[in-house]
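The first chain written gets the first letter, and so on, giving A, B, C, D and E; residue counts start at 1 in each chain.
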């Protein structure tokens, strides 16, 4: 059963929180490493997926589970699902990654290198909140403002515009109020502008 | 069977040609695809990365809208949107309490009757597709499924997660020769297109290199995100690889359109970053 | 003399049988059983719509068996009963003559194969009216059914007239007579009455030939035939089997098929 | 008046940790008819049993209830103790307050109350128990051994050497089983065939052993000491008495390209064949599925060429019926085959093979005559990756257990490879190395230290082909789960050991239990590991669970010892838990009315008709009678009898009726 | 009725379900203590009268469980039982007795987890149905 994701017992082990939110029992992981072996970004990660699971398994050793929340890994995970697909214990690791991201945001433990990724996600959702749909042009501008990467893809935009892929005006949902209400009711954790 | 259509945001923008080619093909096959009324964005990667409720609420609103107008199924050509809708449907139907809570959030009740369909499922259902083929697509192609069409296998329940065959079968019907290759379901870098272009260049590069080394003449895709990474990010890929990679990336609907003899312009082939220098029939191979 | 009377007279006169069990005029518009032991008495036999009783019940009584070989006037349900008794080792072949009055005279059957052929040629299905009454019950809902039967059984006196009238209740020791353990409480109260009636119905499942004598015998008018007919339908629907069709041991409840329905089993 | 003794066991803390045993003892003492109620730490121990025995003698008990573990565990123990104290053993019952109570509920009043309920139920039952005398039945001193692998061979030889006749049934054309396919055996590296084939020959020549190869069990009836087995001898399509095994037919057979089962599909065989040169019996069979004559109606070349005219194309299967007293099940195991590992390309890439195929590649009798050449192009592989736990310990693929033998044979494979390809690079991907066994750990260390086998700790995610190499994508979890890619020439999967196909069907024929993986179930995991729950049927080898050769052989000898013990008795003593039909004094004789509905319900044809006759020989009535030799005590007849004339000893009407009432009438009886 | 603890009797065969319940114990899986087991050699032995007796004695629910089809230690006892239960259920339902209070099941010796699940699900369902007052009232009138 899922409960309100923003409420959890203080002092509970992170593994318990993960179990409560995702139904995944990290104790079942026996560290075979198949997830890390198949992960497309394992080489880029500070802790490949199997190690994230092991950090959570060290539930009562101070500091270890927190390393998972502070990891770069959780932001690099692409949710490509290959780990879950091949896991012999059928552990939904991508779901665990989601839960860790939420917790990392809530506790303000986001890895510094994840700044750009986070900025992109926030710009994306901002766009959806305003128009109900993704306004790619608007999002890119927003992302540039958030990330400070003003020059990135500068040459891409005119080409996209030229081939008709980039619209200057957003497409909109008619009932935008309904969307706003959804966003209002789903308060995102750590929703503060950096 | 009333089938609705959820285009998703990218098909209105960066993946416009996917939408154009789909509608052109559907028209030629005599099918109408009414859009889900007043649809919104599915939330994509951003929503589930940042907010679990939003990640379910946005797709739930779409599903409820489709259900309300009696659509028994919704065609979701974008594999990323497909995944979000399919996963949401699964989670809501697994947990009644959750379903009620999310229904409350979106102020609309999704009861679970509307099914979610990906483009390959939809095309596979066309009876005697080969009869519509006028110009066989006589090319060696690499059918690229990416992640989200086949995974998580327990939820999407579509084809086998390792070495899937549905797209290969479809392309064979169009006259193409699908190659046996190793990166059918490897990740292209997905949502990192903008934020970690370096990683996309690496992952997408591996995919293209394997396809090219096995003699593929075109990549066939069914996902705007894959297309974006494999096509529009080609300069970054080439820079990282230190060589030119000129294999075009074609949506399956475009390939079908070409085989059915529809004009290239109608299929949006001119909108690609990597020029599509092949047409369907080998004999008529001309630059477009 | 009609054909039946003539046949009876002849059988007795030739000493082919010692007794003809048939129907004679009774009171209250119902025929009663008539035991004809002299040829002259044969003219008292009648056969009309008032002749409802299943006379096979007498075959199981030791007093009747002592009379010697019998001929028995048989209605369709009686014939099924004879075959069922045969299947249960209670009736030897050629030990009795079944007399079946018909438009073309009286058939006299003594071999099992002749009995089987006759039964096969007659209508053995529940009637449309019987089926529709059962359907009405099914539609009543659980609570209504419970109330109905509770009311019915509350009148039961445990007089066991139903048992005495039933040709298949031939056991020399009935379960109700077992007291170690005491399966059915002796006094007539709601629980005991329910248990007795469930047990009676279960013991007739796959055996009852639907003669209806239990209901006719019941002094307080409990429609026991409903229980029997319900089980006849269930046996036929689930096991495709019917009692009283053959003299061979083919009991629907002590045989099985590996693919019997089991949708109710977890 | 009943005088029942109740004995409550703590089972160390297994019971007392969640059940208040003192309360149970006190409550039991208040049950009417209970004359004695005590609790003790270990009731099954010698002093515990002494408590029971003393109480029986001192308190003059008429019945005993031991509240402890499952009766399936210790009922025989306590019944024996009662008998030793002079109480009829069938006046003892067990109340299962461990498996059904203390182990499955949390500590608390409800659990203690339930324990009291169980005790009260069994007290009520035992009050209705009757003293029973065991039944004697004769024993047919012939054993049936099913399966002719190393376990079946060992069992057959041991039983035969004990002086009893053995019928050995083997499904394949030759005995030998998987062991005959192996190259060399761990941890000694002696040649498998060299140690096996003499045993095979011994079987063939033993005067006490009848071998039915190419045969299967058709059906089994009866019970311990008195089984009746029907064996289907599949048509070999030749007259075995005429065939000399000269092999001419095999040389001349035109259909030669059939994948050889013995070579695990890596070699070819003709349509008329013996599986391997040392086969026992060394007489060919015709594979009717592939034989040109059976397919097209033409050829008959073997028939023309046979010097003894032994070929019989129209030979039918033959059914042989045998009486046996005991059965040893030794049907062995199988391994998971292709299509099980799409991510490893097993079944797709010819150079991704399984362990048995590697054995054939390494074997001097194999398709490469022992030269290490890979299947696709015959190239000598320079790099070989061995993947352990391929399918084992993988609940996602339906197999959560460890296959036990793979760690050892993988080390052996890597070693054999190095012996044959000196510069070769063997890598083993593993999760744990489980090398418990005499000289096993030393063997694995040798592979790592002396033979240059490189162990990588991690499970492989996938294998794909690139430029003629097999790319193995793994990670080393000892190096921060760093991704590792190895370009291999050959990949060997240590695929999971699984039950034989058809194991379930065979178990159903024999009425033995099996687990969720279709391995046959032992009667007790520790104390009765070679017996099944069906008396007279024993287990040997990997049909029970994956086992290596020494273990299989040990269990096979164990099973043989059990059979020999059974055959050492002239008559068999059986528990009298069987059905009986009511008998009374004249003039009633029996309450049975002779409807014989019970007869069609009995699975054992144990119900007979008994004619009761008067002094003058006149038939009074025909009633049912149970043949005590045939009745197995299922009680199905009991539930059918309308007059309650059949009852079953040990589970009688009175007993179960009393149990039901006692269980539910908690407050009314012992408040 | 939040505090209602149903009384449930389980009639099980010795070879499959009793052994399966033993396995539940050896695996230390937990289930509701409201269920008590009575052992029979085979489901074929279970007289329908015993089910009536259990209800009459105050059972709120009944579990009847044995070997899966084809797995019966005695070959066919479970098949006979199955036929008997088909008819018995139909009759009870016809008499207005709620047959959902009797749960029939196949639990093998290997299915310890299934046994725990069966017990928990059944006791939960009986808890929701409440005490079997309809039947117990009959008893009150009769025995009282």
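We adopt the following convention: a residue touches a chain if its C-beta (ideal position, glycine included) is under 8 Å from a C-beta of that chain, and two chains touch if they have at least 3 such contacts.
Keep in mind that this is a model prediction, so the values were computed, not measured.
Engineer: Please report the smallest number of touch steps linking chain A to chain D.
Structural biologist: When the steps are counted carefully, the minimum from chain A to chain D is 1.
Engineer: Once the contact rule is applied, which chains count as partners of both chain A and chain C?
Structural biologist: D
Engineer: Are any chains cut off from the rest when chain D is left out, and what groups are there?
Structural biologist: Ignoring chain D, components are A, B | C, E.
Engineer: Higher C-beta contact count, B-D or A-B?
Structural biologist: The greater number of contacts lies at A-B.
Engineer: Rounded to a whole Å, what is the gap between the Cα centroids of chain B and chain C?
Structural biologist: For chain B versus chain C, the centre distance works out to 72 Å.
Engineer: Which integer distance in Å separates the CA centroid of chain A from that of chain E?
Structural biologist: One centre to the other, that is 49 Å.
Engineer: So, what's the distance in Å between the C-alpha centres of chain E and chain D?
Structural biologist: The separation of the two C-alpha centroids amounts to 30 Å.
Engineer: Need the CA-centroid distance for the pair chain C / chain E, whole Å please.
Structural biologist: Between these chains, centre-to-centre, one finds 34 Å.
Engineer: Specify, in ascending order, the residues of chain D that touch 2 or more different other chains.
Structural biologist: Residues 343, 462, 601, 640, 653, 657.
Engineer: Provide the list of chain E residues touching at least two other chains, using ranges where the numbers run on.
Structural biologist: Expected reply: 48, 53, 70, 76, 80, 84.
Engineer: Where in chain B do residues touch two or more of the other chains?
Structural biologist: Chain B, residues with two or more chain partners: 161.
Engineer: Name the touching chain pairs, would you?
Structural biologist: Per the contact definition above, the touching pairs are A-B, A-D, B-D, C-D, C-E, D-E.
Engineer: So in the complex, which bits of chain A are touching chain D?
Structural biologist: Counting only chain A, the residues touching chain D are 30-39, 42-43, 47-51, 82, 86-90.
Engineer: Touching chain E in the complex: which residues of chain D?
Structural biologist: Per the touch definition, chain D meets chain E at residues 70-72, 96, 98-101, 103-106, 110-111, 113-114, 117-118, 121, 507-508, 511, 513-516, 521, 533-534, 577, 601, 603-604, 632-636, 638-640, 648, 650-651, 653, 656-657, 659-661, 663-665.
Engineer: If we count contacts the way the header does, which residues on chain A are in touch with chain B in the complex?
Structural biologist: 1-2, 5, 21, 40-41, 44, 76, 78-82, 84-85, 90, 92, 94, 98-99, 101-102, 105, 116-117, 119-122, 124-125, 128, 132-134, 136, 140, 143, 147, 152-153, 156, 159-160, 163-167, 171, 173-175, 178-179, 181-183, 185-186, 188-189
Engineer: Quick one: which bits of chain E touch chain D in the complex? Just the residue numbers, please.
Structural biologist: Going by the criterion above, the answer is residues 5, 7, 9, 14-16, 18-19, 21-22, 24-26, 28-31, 33-34, 36-42, 44-48, 50, 53-54, 57-59, 70-77, 80-81, 84, 108-111, 116.
Engineer: Can you tell me which positions in chain D touch chain A when the two form their complex?
Structural biologist: Chain D reaches chain A through residues 343, 389, 393-397, 431, 457-462, 473-477, 480-484.
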